[in-house]
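Look at the two complexes coming up: chain A is in both, with chain B in one and chain C in the other.
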Partner chain A sequence: MLCFFVASARSDIVVVVSAASPISSLSKNQVEKIFLGKSRRFPNGSRAVPLNQSEGNLERDAFYQMVSGKSPAQIKAHWAKLIFTGRGQPPKEAASNDDVKQLLTNNGVNISYIDRTAVDDSVKIVALK
Partner chain B sequence: MNIAKSLKSLAPALMVGTLVSHSIFALEASRASYSFHGFGTLGVVSSDEDQADFVSSWILQPNGAGHTSKWHAGIDTKLGGQINAQFNEQFSAVLQVVIERQEDNAWTPAIEWANIQYRLNDNFSLRLGRSVIAAFMVSDTRLVGYANHWIRGPQELYQIVPITNIDGLDAVYTLDFGEWRNSLQITYGQTDQDLVFKGELRARDGVMLSNTLEYNYTTFRLAYLTAHIDLDSSNSNALFTAYDDLGHALASIPGLNDAATQAYALPRRYGFDNTPIEIYSAALRLEPGNWLFMAEWARVTETAALSKSDAWYATLGHRFNSMTPYVTIAEVNGETPQESGVTTNGMPTPLAITTTALNNGFNQYISQFSHAQQSITLGIRWDFINNAALKLQYQHIQLDQNSAGRLVNLQPDFQSGNRVNTFSAVIDFVF
Partner chain C sequence: MLNQLKESADRPQGQNSASSTDQQRHPLYIIEPQLFYPVLLITLLLILWITTFSLISANHQRAQESTISSATALLHTYEAQVVRALREIDQALNVTRRTYEINNGNTTLSMLNDWGLLLPNFLFVTSITDADGNIINSTRAFEKHNVSDQDYFRQQLKFDQLASGQPWQDPYSRTWKLTFSRKINTPEGAFAGIVFTSVEASYFVSGYEESKLGELGALGILGTDGIFRVRRTGEKVVSGEKVNFSDLVPNNEEFEEPESLEVRLQHNSWDKVKRYTAVSQLYDFPLAVVLGLSEQEQMQKVSQLKRVYLLRASVASVAITLIVIVLLRLSLQLKHSRNSALEEHIAHAKKIEHLAFHDSLTGLPNRSFFSQLLSQGIAESKRYERCFALLFLDLDRFKIINDTLGHDAGDELLKEVARRLTEALRETDTVARLGGDEFVVLLPEMNDEKQLSAVAKKILSTVGRPFHLAGQDLRVTVSIGISVFPTDGEDEQTLVKNADIAMYHAKEGGKNNFCFYSDELSADSLERLALESSLRVALDRNEFVLHYQEKHDLRSGEITGAEALLRWQHPTLGLIQPKQFLPLAEDTGLIIPIGRWVIEAACKQANRWLEEGLAPRCISVNLTERQFTDAHLLDDIASILHTTAINPTQLELEITESVLLSNFDRALETLSKIKKMGVRIAIDNFGTSYTSLSTLDKFHFDTLKIDGSVIRDIANEPSDKQLTEAIISVGRTMAMTIVAEGVETREQADFLLASSCDQVQGFYYNKPTPPS
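This part shows the complex of A and B:
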């Protein structure tokens, strides 16, 4: 039972794009760079605009653990460095898996992550290389 | 300065924008968006050296822990607020105001950053206005304790460039090739800064070049900084005037021409008068997994009273969940010049006594510009809640035989060569 909870909190996060997006696979490193403000582009050259989940959401902590191995505090310290040197702003945030799906179809943002159980026709799972 | 002033007048407009659109989800890339962020530190420091003060800046803090008070809360404590404006994909602006204890002991707000950034493309960006001088690897987040594992950058090295910001233009060119990233930054500008002892520092024609190479968890940085420095303070002015007066007096006495020449020469040798300074540095940072290793080396050339110095540090930390213990060793090795001053041979006794006293005062003055100490620091960072960290730090400092190290406000009974123990506790936060 304990194993089940740990597994569901850790590894059932999937990176998603809108169903119409041409992006189908990325490396963890590419995803990390996009979400940490180190890269503004997908490998195909198009603009990447990431959408975060709100601070404190389990999905968010599990996502960063998965792609970068960094703790919430490390992620926050990373953004403090960029924000207070005028070198970047953290991604916009959505409050829930449902909000992520809704916002991904609005075109303003084009990559995010949700719990696998929340995946539906509106989004496409990005395979992580 | 004019740039900073004109940016300052933007502040109310930016502030209104922030209040209006703070919680609005501005997704359209074309629409301007504003955000407000803050950071701060609450901290106390104690030092067991009661004949001098421990400070975090030797030219910006007149007193601190040790002599002035055993425990001092005005060394690391600060509060900063920042408004970011993103006008479109190309243009953005940042205004950051920081309240911390100033050289006159007042907690006056000061503008730390105020610039407009233009991003030409993914690789090239320009900034015009006030920026922090990124002299060393983490100089630009020097005030943002939360962004760093330690309480303050090792003073042996970081206090080689005690001035903080520069008004001017900077350009960053970033190139990605595969997993490698290289950033070249060039800054040109100037600054005026008020210092302790009613001092004023002017830096002109400041040029800063830095190149940062990143690969995976490795960062390697090389930097070069040069500027022309003017420095006036009540101390230096009084001393230099006294030597000029002495020179006049000696020139009128037969046989003391050589002494007069010596007296005239001292202010020219040790005064900062459009004097060029050069600083070289190299830095390495490794962050594999939960480990953090940083090491940095810097050299400052001899500049007027400032002695040639090398400084370095190495720090190692490891994250265990919310706890990050770390250890840092550091050294700065400025050589205190032994200035013989004006020779008193052949002088009438009263004049010789005055001259000797002046020479002694002069040596005391120039010794303030040479810093030599070693230290070891043990610390721990605890990320106890989401946006704040508690840090505790113990530092053991060995002062050089001829130097007060980074200590200031020396008392008559102060002895160089002492060992000093300091303890610091801070809470760093962001919001």
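This part shows the complex of A and C:
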């Protein structure tokens, strides 16, 4: 039952960009790289600035599970290593789906994820290949 | 002594020098393969294994150096990362407290968060307390309301610098955490609380990379108090462990040169893993960074390489050993075949040598080898003042046997004689065959006449045993002459000559005998030699004459015939009797031409008498054994009968009993052929031997001549009378003409007449005289 819930919850997460963004589709791998600090650019060469949801948000855990298959602890360890070794800084965080939508429009960040139900005109769903 | 000489002579002299030149020609032969190949093998194996172990050692050395330098580099990196992380923390705490000191509001943290001046939220929890330790602001819902009992709080009461407390375990997440704090001051400088941030201890070891540190590496931060703030090995992170700080950093006090980092291989006290361990104390903080590389892991490649090397070396060792073994076997085979070729060569050489020095028929040393042995023996005996005896052997009647039984039988006889001689003598004695029927024997260290006589007698009896040859038993006798070194000669020639002289004496003394050499013999021998040489020319010089002893018919008293008797009219010695030269003639074979001359001369005389008008007379001629066995006898007789045109019945050939007995069958054949020519045959000297009547019957003699010794004592000996009467009776029965020889008295003549003897001859009637 729980598995089903997690699975369904995960399937509800969508990767979004601002409505004006030229980005329309990315591979899971590209998304994972962007959100794990391994890649700073979109395939078209423009700068990618990811926006995370706060630690403990269901969307956050579901998102990472979806794109990388990693647990929250693994994600944490990953960032701890990047930060500790000085090779990166974690993405900014938004507290909720709504904050995400708001921040995506004009705060320098240009890619994030939200629950599908929270999608509206302000954002564009990035198709995952 | 002589035997040793013989052995040394048997051995080919060239053998040693041949093998040494062989060695020079083939250098491999200098070292025997049995030695060379094991040495080669050991050398190769030594080289192989020394190389292998030095490679392994070099690899190990290199790996160790690389591990040490790698540990040093990793520790320096780690130290830099820790110092930077600590400074980041300090900086964030400073920013927070300064902002709080100015702003002094509960929004400080959220404001700083928005500005991005706080440490990342999801790793760090930052909180602010008041002066009493009550948490008044936090990036997360705080678990503790008051932290005044915590060491990171109390430390800030004492000084104004970054403080870090002991690691503590989060009661909810069970993870170990580290807390860092900074003091907040009032504008007046009084203590107003602290700002502190907690982070999972694992953060400080998140740089652990298995690719560099392995699964068993060690990475951690150690307080100078000996308590590990955090330590990681593989995925395992531990905090709060207490170790002996000075064990890890022994030169704590003198640690002034950060570059002079010491990497030590030690069993780490905390988990007993052996590591290349490096520790560096931080400059600003009471902390040290620790890094360890597991020896087992770091040396794994080297160990694998070592195993590979060992395996390869082992395989190579086995291969080398096998190859060397194969080479050894091949070279042993080669050597063996070389050796057998050499042995064959030597055997061949020996054979040739043997042939050159031995008589092929009997296998005894030959004349040249004997000569060598003798001269060596003389030299040795002279040096050691020893003596030895030389026996010269000559088979009696060998020529006759050879002529009558054939050469094959003669050869068989010689072989058998050689065998018997060798058997009869000591090992140390030497028997050699000089050729023909002449043998010599060397008896080392013997000069005593008694001993030598014993040896000679032994030889006589050995050779005297019957031989079975060509299907018949026959007896052979030998005559032996003995000379002794040094009394009878000190050189080879003299010794041999004197032994030869002694042998001739033995022969003349009746054969089947032995004789020691003496100077008197030598004188005789000289005479004999002179006789022999003059005998050879006597025939050509017409020195032989025939005397005739008439045979008378007892009843009528008429002369019926005559016996031709040979005389030698020697130019200086005068008239010589047959017994003085006939043995010599017989031995030398001169009897054959002489005998032929006798028969021819006798026949001519018979014709002469006829021409003189006398009544036909029957001429008797004696045949010696040698003559009788001569292959040309029959031809000679036939040719004489032809040239003289004599009536064959006028010729009578006389042979003695002993001639018959030596070879019965052949004698029978020869006599019957002579009879066929019409020549009369007579048996001479009858009564002196043991001819059986049946023998007499088989030969069909025309005439029987009673030996003079039988009738000599007729007047006094009744038994002789009876014997004579019996012989006459038998002779008459067989229709033979009975002739009595050696009649010297009237009594004898009367008795013979009374006994019906046919004819007589003897001094009573006339002595042999030259023809008138």
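Observations on the model:
In the analysis below, the second predicted complex is superposed on the first by the 120 of 129 C-alpha atoms of A that agree within 3 Å, B and C clash if a C-alpha of one lies under 4 Å from a C-alpha of the other, contacts with A are read in each partner's own complex, and residues count from 1 in each chain.
Following the convention adopted for this analysis, a contact is a pair of C-beta atoms (placed from the backbone, for glycine too) under 8 Å apart; a residue touches a chain by one contact, two chains touch by 3 or more.
No experiment lies behind these values; they were computed from the predicted model shown.
Superposition note: with chain A as the common reference, chain B and chain C are in steric clash. Of the two partner chains placed around the shared chain by superposition, neither chain B nor chain C is touched by A:117.
The partner that reaches more residues of chain A, of the two candidates chain B and chain C, is B.
In the superposed model, A:54 makes contact with chain C only, not with chain B.
Within the superposed three-chain model, A:71 lies in touch with chain B and out of touch with chain C [touch as defined at top]. Of the two partner chains, chain B is the only one that A:29 touches; chain C does not reach it. Applying the stated contact rule after C-alpha superposition, one finds that A:38 touches chain B and leaves chain C untouched.
By the touch criterion defined above, A:80 reaches both chain B and chain C. By the touch criterion defined above, A:103 lies against chain B but remains apart from chain C after alignment on the C-alpha atoms of chain A.
Only one segment of chain B in 206-214, 350-358 or 422-430 runs into chain C in the superposed model, and that segment is 422-430. In the superposition on chain A, the residues of chain A contacting both chain B and chain C are 55, 76-77, 80-81, 83-86, 89, 92.
Note for the complex: chain C touches chain A at residues 81, 84-85, 116, 120-123, 200, 202-204, 206-207. Those residues of chain A lying in contact with chain C across their complex are 54-55, 76-77, 79-81, 83-86, 89-90, 92-93. Residues of chain A that touch chain B in their complex: 29, 38-41, 49, 55-56, 69, 71-74, 76-77, 80-81, 83-86, 89, 92, 103, 106, 108-109. Chain B contributes residues 25, 27-29, 35, 37, 39, 80, 82, 84, 86, 92, 94, 96, 113, 115, 117, 122, 127, 131-132, 140-141, 143-144, 146-148, 176, 179, 181, 289, 319, 321-322, 383, 386-387, 389, 430 to its touches with chain A in the complex.
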